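Paired with subunit B in one complex and with subunit C in the other, subunit A is shared by the two complexes that follow.
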Partner chain A sequence: MRTRPATRAAQYVAVVCYLIFLGFPLLWLISSSLKSPQEFASIDPSFLPKHPDFSNFTDALEEQGLVRSMLNSLQISVASTVLVLIVSLPVAYALARFRSRLRPITNGWILVSQVFPVILIVIPLFMILRPLHLTNTIPGVVIVYTVWSMPFALWMLQGYVAAVPRELEEAASVDGASRVRTIVSIVMPLLRPGLIATAMFTFISAWNEFFFALVLLQDPQLKTLPLVLARFVGAEGQVQFGPLAAASVLATVPSLVFFAFLQRRLTSGLLSGAVKG
Partner chain B sequence: MTTGRPKQNREAIFLFLPALLPILLFSVYPLLRGLALGFTNARAGLHVDTHFIGFGNFSKLLHNDLFWSSFKIGLIWTLSVTILQFVAALGLALLLNTNIRFRGVARTLALIPWAMPPVVVAIMWRLLLHPTNGPVNEILQNLHLTDHPINFLGDFSTALPAVIVVGIWVGMPMTTVTLLAGLQGIDRTLYEAAAVDGASAWRQFWNITLPQLRTVIVAITSLDMIWNFNSFGLVYVLTAGGPGGKTMLPMLFAYNEAFRYGNFGMAAAMGDVMVVIIIVFLAFYLRNRLRSEA
Partner chain C sequence: MKKVLTALLAASALVTLAACGGNDDNGSGSGDSGSTEKVTLKFQSLAFQKTTVAASKKIVADWNAANPNIQVEYVQGSWDSVHDQLVTQFQGGTAPDIIHDESADITGFANQGYLADLSPYLSQETKDAVPQGVWDSVSSDGKTFAAPTLLQSYVVFGNTALLKQAGITTTGDSLSWDDLQADAKKLTAGGKYGLGWGLKSPTATVLNLGMNFDAAFFDGTGRDAKAKVGDPELEVPKRIHAMAYTDKSIDPTSLTQSASDVLPGFFGGKYGMIVAGNYVAQQIVEQGPKSFQWEVLPPLKGTSEKQAANPQTLSVPAEGKHVKQAAQFIDYFMKADNLAAVGQGDWLIPTTQAARDAIAKTTGGKNGWTQTLASGTELTKAPFQSVENYPKWKDQIATPALQSFLANKIDLTTLGKKLSDGWGQVNG
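Moving on to the complex of A and B:
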């Protein structure tokens, strides 16, 4: 279709506005992370750092609480991702392959758990975890993250399983392979891209999560990265902008890696599923 | 097919087993218990005599000014963020659906905010909106739009609009990408036929694009409303509900009740009220979904 030059120009203006609105905050964060304290102190903030250096990053990493919180976040995210995959895969398989009564029930649960106000969940969780001595512990948070990432993981995995051709499984069962055997040696290898996508999504959700961690973790030694970052800003006045920006950039790295890997698949697969359901 | 049913049910249950206990214990039970808790006098700390008190918490809520204001703020926040981000996202999706340059860049950028940790988004915007060091004030002053620095997040009149802008920034990507997927699913021949009939671009938008996107639009806006209504972390780190409660969203109110004052029952009652509102939003979503499946 031919577009008039005036329309074309308006389109480009609009795109540039959007790019600035979406991109400028990110660029400002990155450029702030490379600025010296003197530059922050100057009344005339410049967009680009005058003498970019990485000292904010080293400063941030020397902050003991920050490194520890990163390790906590890493542990929690890895553990809950592994658990989510182990528990979800059989369920996702059953949901995609069998017309059982469990399917509508599970899909109902998936929807409800996505829209329920978390305040209602966190208080009873707190009350269940306390007698088990799991409040204020890493395993407690791992359990909570595992169960609360499952709905979305199931949603994603269901779609990936459905995309594996049934004929392959039928052929295997004709050859006398059991159901478990078929899942492990036929379905799983074909699911690898889907499993990786789901794993990354689960990892990122756990890495970013704030509310459950805020309520469940009191011990400073156990706090996750988002909690420590949030506390950084809380104590304003003595806040060091440079290291704070650097730490924020570091906290975003996993998400960026995630996108580098998944950009294409995420935009098409995951989100069209969100609408079709 | 029908003869396979009981066997299929049995196999499905077997595959569900490892997930069943954790789901029941850490999801289904807390969901139900949470709903019931609003009707009790539960408090934090040692649970001395938690018992049913009927609508006691609810009548207390109705007499609490902060409840009403957090409710009003929650609705303003939810509606403004959802509607404004939808309009912006629809514009962006339509643009990205044309053969324009920078499409790839815009698409990638559009997704990053969505995956960033909400706490980092909040910190980033606190840097941007900072009264003395932030670039937003710098730019406004250079353009002579204001002669003094504005404390966007700390001022009574600007705090809520400022957090709404941040909410839009976070939510727009997801909405854009969903709408884009919807746009790409529209049959191109509809437009070709319309063009042959001499329909203007505007008419094509009203008579083809919007009706074809209907299902997607209702789905994404009703879910966005629910997510926005439930949101917590972003505003907690941006303003913690301040200044003077001007950005006290319902979830922040409930969090304070539960974990600052120890009123578990009261916080759960607030959650119950939120559930009622969510059910309204959800009804739109489900009706739309059932209709699109029929």
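Moving on to the complex of A and C:
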């Protein structure tokens, strides 16, 4: 049945409206980053800045060491993402494929570990990392983020592994492939969407994480992006809205690029999985 | 897929190598406190305004130039997270050598023994320069656990044009609460309110201004303190409520906003006056329309002009390796010109008269500085500042109870009962 032109137009309008709805916070953020302090305090705020001004970006970049903190965050986020994927993949595979009495206990523990509040574990964690000289270091934060993201990553990946038909592995085995070969050549290509989704989750968790970084990193040269963004908020609710909005816009760029990069692979992965499944 | 894996592994190796290059120096220097050995002290400053950050950095630079053996490293902290950060750092023994925080926040740390007694190290000049009432807010058991630097008071800001239009003059040494109420009524007309008051977090305001009427709220100190909620303690909320719901001279919606949230209405002429911490002056100057004329009214007075002193402070960890040197820097920070520079940047009141004089001279008393500085003369330690579970009571009991009262959901008697009974719950 052919879609009427009017229906098609309505569909496009709906999609555009939805995209605007989704993108509105970002548009508002960009608009805010170009406003002057007077415009923020106007009783009649406008969506578009009346006199666009880039000084908020200059302030954000010059005053708060934003670029350095972005590089630190990028370094930490990429490292923890890679480590989480490397460690969780074999564990998730084992949990999904091998039946044992330990499996429900392990899965239960994974779920329980998600309910601990950060504030509860941060001091013991600090006491463990300190004698190892891992406080105030990027590797220390990477290890913490890896461990912190691991349970959920395992939970996610386990589901993806379980969704891969066992028959494919059995067929590979019949053809003489070893288990490692089977995993590398058969399972992993089908797991690509799961790996990418897990990578996205881990990356964004690390990119946005505040509290561990606050406690573990003291050296100004090592501060991560969320720590620097927090500096735009003062005592008693004072906020430097303009520079904060500008810094937030800049902070969004790397994660947008990362997501755009992975999103394409996520889509192609889904398709390839569908064909092979 | 192999390519992806290889890329991931390569990225991992690169990032790990890069990460290993991270600086793990805690920067605290080493060795004992010998005067010939070079030490480096970390000074975590919470300076927020550009001007104050610049002033603080200049103080550090001047000190470093004059003291090659005691170098101070400026580290930027954040008000938003300093408490949680310090909790962990004290536990782990990695707190900065010089800690910037407010008195109310570090009192708990001092009681737990985390802060050094600075009294043997601070100069007599510094000790004499700060009023005893302010020293009391950073002292316990005869020990001084911090040096008080800047003070905040609550002041009334007025829209000069609207005040003139309503025939209100703002001369005199003080402004009585009755006058405030009468002025607010005069200014209320044509959909405009006399007063906008951002009381989203009302406890600090009510307890600080309550001292205008000798409100104590607590009798005793530490965990033995008992709640004391009578007429003097309920006077400030009663008056605010009366203005909001009887006179209708306070915009009731403003009561649910923060001090900064009411600024657009103040700039737009919706409110003739606002009550806020004096630091808001900085936002008025920066954000207000160029044509906007404003003033600070004289300090509020009930039976007195007293308000609680909750100064910003500089303190030193008890386990710090260089307590003496850190105290020397604090002593330097307390010099009149230095305190005046950071005070002026933050629109806060320096704790020493010499620094206040310096600001008065520099500013000529303009932009409300005369009244702002005057509002600091009666600041003193409040009973709640010696009560261990006050923060718990504030968050769990007082704030929701006051919010309910100011929203006209409970009456004054119920408020008093909630404040009083709630203390038993959190201090049990």
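Note that in this section the second predicted complex is superposed on the first by the 194 of 277 C-alpha atoms of A that agree within 3 Å, B and C clash if a C-alpha of one lies under 4 Å from a C-alpha of the other, contacts with A are read in each partner's own complex, and residues count from 1 in each chain.
FYI, contacts are C-beta pairs under 8 Å (C-beta built on N, C-alpha and C of every residue); 3 or more make two chains touch, one makes a residue touch a chain.
Because the structure is predicted, anything quoted here is derived from the model rather than measured.
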| item | value |
| --- | --- |
| Which superposed partner A:S255 touches (first subunit B, second subunit C, both, neither) | first |
| Partner chain(s) touched by A:A230 [first = subunit B, second = subunit C, both, neither] | both |
| Partner chain in contact with A:Y12 - subunit B first, subunit C second, else both or neither | first |
| Which of subunit B and subunit C A:R166 touches, first, second, both or neither | neither |
| Partner chain(s) touched by A:F211 [first = subunit B, second = subunit C, both, neither] | both |
| First, second, both or neither for A:V78, with subunit B first and subunit C second | second |
| Subunit B versus subunit C as contact partner of A:I119, first or second or both or neither | both |
| Which superposed partner A:K50 touches (first subunit B, second subunit C, both, neither) | neither |
| Partner chain(s) touched by A:W28 [first = subunit B, second = subunit C, both, neither] | first |
| Partner, of subunit C and subunit B, that touches more residues belonging to subunit A | B |
| Intersection of subunit A interface sets (partners subunit B, subunit C) | 40, 43-45, 86, 119, 122-123, 127, 210-211, 214-215, 230, 233 |
| Subunit A to subunit C touching residues, read off their complex | 37-38, 40-45, 59, 63-64, 75-76, 78-79, 82-83, 85-86, 119, 122-123, 126-127, 130, 133-139, 142, 184, 188-189, 192, 210-211, 214-215, 218-222, 227, 230-231, 233-240, 265 |
| Residue ranges of subunit A touching subunit B (in the complex, touch as defined) | 1, 3, 11-12, 14-15, 18-19, 21-23, 25-26, 28-29, 32, 40, 43-45, 47, 86-88, 90-91, 93-94, 98-103, 109, 111-113, 115-125, 127-128, 143-144, 146-148, 150, 179, 204, 207-208, 210-211, 214-215, 225-226, 229-230, 232-233, 241, 244-245, 248, 251-252, 255-256, 258-259, 263, 266-268, 271-272, 274-275, 277 |
| Subunit A-facing residues of subunit C, complex | 1-2, 4-5, 8-9, 11-12, 15-16, 18-20, 22-27, 42, 46, 48-50, 53, 75-81, 84-85, 87-89, 91-94, 96, 102, 200, 258-260, 263-265, 267-268, 270, 277, 279, 283, 286-290 |
| Complex interface listing, subunit B residues touching subunit A | 5, 8-9, 11-13, 15-16, 18-19, 22-23, 25-31, 33-35, 37-38, 42, 47, 88, 91-92, 95, 98, 100-102, 105-113, 115-120, 122-128, 132-135, 138, 169, 172-174, 177-178, 180-182, 185, 195, 215-216, 219-220, 223, 226-227, 230, 232-233, 236-237, 250-251, 254-255, 258-259, 264, 267-268, 270-272, 274-275, 278, 281-282, 289 |
